[in-house]
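Two complexes, one shared chain (chain A), two partners (chain B, chain C).
Right after this comes the complex of A and B.
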């Protein structure tokens, strides 16, 4: 019995970390159609911000929940002003530019901090179910995923900013005639997307290996999930993260980690073949 | 432009003189550089493997500087031509050609992963350039043009597994990276567990970009082993040790690893995550012999921010010194004469102790050490002297088959 609970927790963990990793990308890609290949590096910057401030004596929770998103949000803001704003509507160009950006960020971080970086220990302890052990941090990540979902939903549905952002994404020209400045909306949306990605990096920092190249391990899966999820930011990303996270974890448990990975990619191919518009293109049409 | 006969003759005379004089002028320039012996170096200084490659370059430079300070070799100074291979196999192939054809080097030290070695080894065979591979690896390379100075599983895994089993128990669970090093090392681990009367409950392989080890940790708990044997590789895989600790398993099941701490794991992980992990290598920075201390001191003095000085750096230093001893003995830099000299009982007392080249395998008989992580440093528990490369010796005999060039996969 305990083993099923533990596997359920693993699945929950897989889903919530995938969701956290993808949410920022879903906002940037889903709303603004910018393919941000530097997404993995935003995660890495979030992790570095957390680790470096925590090692400098900042409280670990503040480092994760405040420093990481603030820092990466600011970086996102600068990048939007200097690079991304010239690339709206130029899908292929945005890929090339952000890929270059990702190499640049890796290079800068390596130059400053070198290839190795001391991590932070995982806060919170472990608990046991029967003879099995798991960590409270897993539950915390799941909690954070739910909180983030609620926050994004709340902001997008009930605030003026959310309304303006959605309107601008749907029809920038119309929004502009109504007195909205689309450039400013794009800028803040990109910064928010970057901040959420930074938060994800911060949250994963205590349970990951921290290197300048760590982003590479996340970027493919994040894109797969966002594309598999389709246009709706929240319901799409959540459903795709649930599907892929569960397939990966259950697959890895019952077969081997290698097949766990293979199964996820197979699931993604099948999904895109059957639902070319992503899950939300079929089931949650018009939802957020 | 008008041509007169006089101008034509003048110009022809100048051109001819220049052409005839050119070789002499250029050669005198070469004489000016004292005709150095050229040492090629192929190491990753950027990309994911840079933390391994950087100290190797420092060690190579240190060895060359020391040889030059002692008057060079055969009265000629050494010159290093180094290329940063950027953790990219394509760069290895390209720069290997360049070293062999354009730079015409006399020897190459380099290669880190097994994949990079196998990418460059055929090139150096073809262009007849002597090649040193100074990295611990899965064993089995049998090539008269190549010398492998690092440790192989028979030298380290053979010591690690029984000591860990003695400490923990007989039931082991193997986790390893999913490429040739991990796959082959897992086989060696299985062999030594069985040889020591133990049992392997399961072997799991992980692609290098796996970052979530939750299910693995559950599976391990379900299998209830006494001991984890790890050959996980790279930054992403260090996540295992953190997730293992955060699940509260650290104090319950001990870990022994053939890869942990080779590069930077003890310095990147927290003490709680790495304490009491066992490892075995051909060298540890923490060795307290005078030779080891002065080696580490010299590297840290020249490069205060150097990453951990591991077996990789020590073997590179020893590799260059062994080659230099061979050149001295041969009194020539002719490739075949140097190989013959190197096969003729060359040994060097390096930071890890005495290292001797083994004629039939072109590997080294060297010391091995067993250590445990304590407070983010290695604490050396035991040392084994003059351990032979028995694994490669079981498949490779270059005395009998001098034209062999392949890497044997050792069937277990």
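Right after this comes the complex of A and C.
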């Protein structure tokens, strides 16, 4: 019995961390149709910000929940002003430029901190189910995923900023005629997406090995999940993350972690073949 | 008259390129020759993506899938047969079969742009993960041990066709690799000047219009994809011949990214540009690697960002435009003719760049 509980926890962990990883990318892709291939490096920057401030004596929770998103949000703002704003509407060019950006960020971080692994101890303790061990941090991650979902839903549905953002997403020209400045909306949306990605990096810092090249492990998965989810930010990302996260963990349980990954990639290919517009292009049309 | 002049100029350029390839080994050191051989193998890979991306309009993020398959197919066959002739053929056939299956799945499912990128990317990652986990004695094909993350060392290199004892010397390897590069370049140029090539470009320009004219865009794209897979497979065999080694990093994302950088820097929509971009970038990376002062990622990333923002057309088209402005053409037709001349000339230029 205990083993099933552990597998269920693993699945929950897989889904919530995948969702947290993808949310920032989904916001940027859903709003502006820009694929940010430097997404993995935003995660890496969030993780570095957490580790470095935590090792400098900042409380780990503050480092994770405040420093990481603020820092990466600022970086995102600068990048949007210097690079991304010239590339709206040029999908392929934006992918190339952000790919270059990702190499650049990896290079800068490697030059400063070296190609070594850093880490912080996982906060919160562990608990046991039968003869198996698990950590409370897993539950915390799942809680954070739910909180982030609620926050994004709340901001998008009930605030003026959310209304303007959704309007700009639907029809930038019409929004502009009604007095909204789309450039500013894009700028703030990109920064918010970057900040959420930084938060995800900070949250995953205690449970992953932190190296300058760590983003590469995430970017393909995030890219695949967001595209598989389709245009709707929340429902699409959540459904794709649930599908891929569950496939990954269950596959890894029955075979090896390597074949778990292979299964996810295969699932992504089949999904895109069956639903070329992504999950939300078919089932949650027009939803958030 | 201009047309005839163009033909003569092209023929001269090809002859110059052949002479350059033939004479290079007697001019430069062995180390530089080995490096040039590597660059030429990589340039064949660059041509394979330049063809489908620049002329077919298909941006594949997983060109290394075919490159890696070609490399592994060659290595496994060469270890088993101890003869490179059938192995090279297999290194071309297996990736093209794989491209045929994958391409059928993609193009007949009418999957395009971002979605195509996701699929090609994930296929590459699947291959990387699978090959990476094949360490251990149970993973062997015939006599060939796959070796997982450590790869396959001591792969037999090319030999004289049908004489397995006569292994090619580094000079002969260069002739084969450089010759393959020139041959593929000329093959693609010929294809693009034929009606079939025009159809490929027509599909890139406007799929609906091409299909209204009676062509099936899915079939055209599939054939383009297969041809490019075959070329990438050949590049894989040439690469393995260079290092006598193949490992799973041949499927890596960073190599896929590098091919795209070569093409962006050299010029999308040309065949010469990617070769120039490939040699230039690979040379810079090798130089940085020997200097230890700067991180190569940093430089590559900066180069890519600068090119996308400031020089989106790439080096070769920009240089051509500049030349065009300097040399006022008497007639628009002649200007067009000049347009076509540079490629082979610069191909030889590139071969002699070292």
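Convention: the second predicted complex is superposed on the first by the 287 of 288 C-alpha atoms of A that agree within 3 Å, B and C clash if a C-alpha of one lies under 4 Å from a C-alpha of the other, contacts with A are read in each partner's own complex, and residues count from 1 in each chain.
Methods note: a contact is a pair of C-beta atoms (placed from the backbone, for glycine too) under 8 Å apart; a residue touches a chain by one contact, two chains touch by 3 or more.
Note that the structure is a prediction, hence the values are computed from the model and not measured.
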item	value
Three-chain arrangement built on chain A, chain B and chain C clash or fit	clash
Partner chain in contact with A:179 - chain B first, chain C second, else both or neither	neither
Partner chain(s) touched by A:131 [first = chain B, second = chain C, both, neither]	first
Chain B versus chain C as contact partner of A:17, first or second or both or neither	first
Broader residue contact with chain A after superposition on the shared chain, chain B or chain C	B
Touching partner for A:57 - first (chain B), second (chain C), both, neither	neither
Which superposed partner A:258 touches (first chain B, second chain C, both, neither)	both
First, second, both or neither for A:110, with chain B first and chain C second	both
Which of chain B and chain C A:272 touches, first, second, both or neither	second
First (chain B), second (chain C), both or neither touched by A:96	second
When the two complexes are fitted on chain A, the stretch of chain C hitting chain B, from 93-101, 111-119, 147-155 or 183-191	147-155
Those residues of chain A which chain B touches in one complex and chain C touches in the other	110, 216, 256, 258, 261
Contact footprint of chain C on chain A as seen in their complex	35, 83, 86-87, 91-93, 95-97, 99-108, 110-111, 216, 220, 223-224, 227-228, 256, 258-259, 261-262, 265-266, 268-269, 272-273, 276
Of all residues in chain C, those that touch chain A in their complex	59, 105, 109-111, 113-115, 117-119, 121-123, 125-126, 129-130, 132-133, 253-254, 257, 260-261, 264, 294-305, 307-309, 312
In the complex, chain A residues that touch chain B	3, 6-7, 9-10, 13-14, 17, 110, 114-122, 124-128, 131-135, 137-138, 204, 206-211, 213-214, 216-218, 248-249, 252-253, 256-258, 260-261
For the chain B and chain A complex, residues of the former touching the latter	46-48, 50-51, 54, 178, 204-207, 209-212, 214-219, 221-222, 234-239, 242-243, 245-249, 252, 263-264, 267-270, 272-273, 305, 307
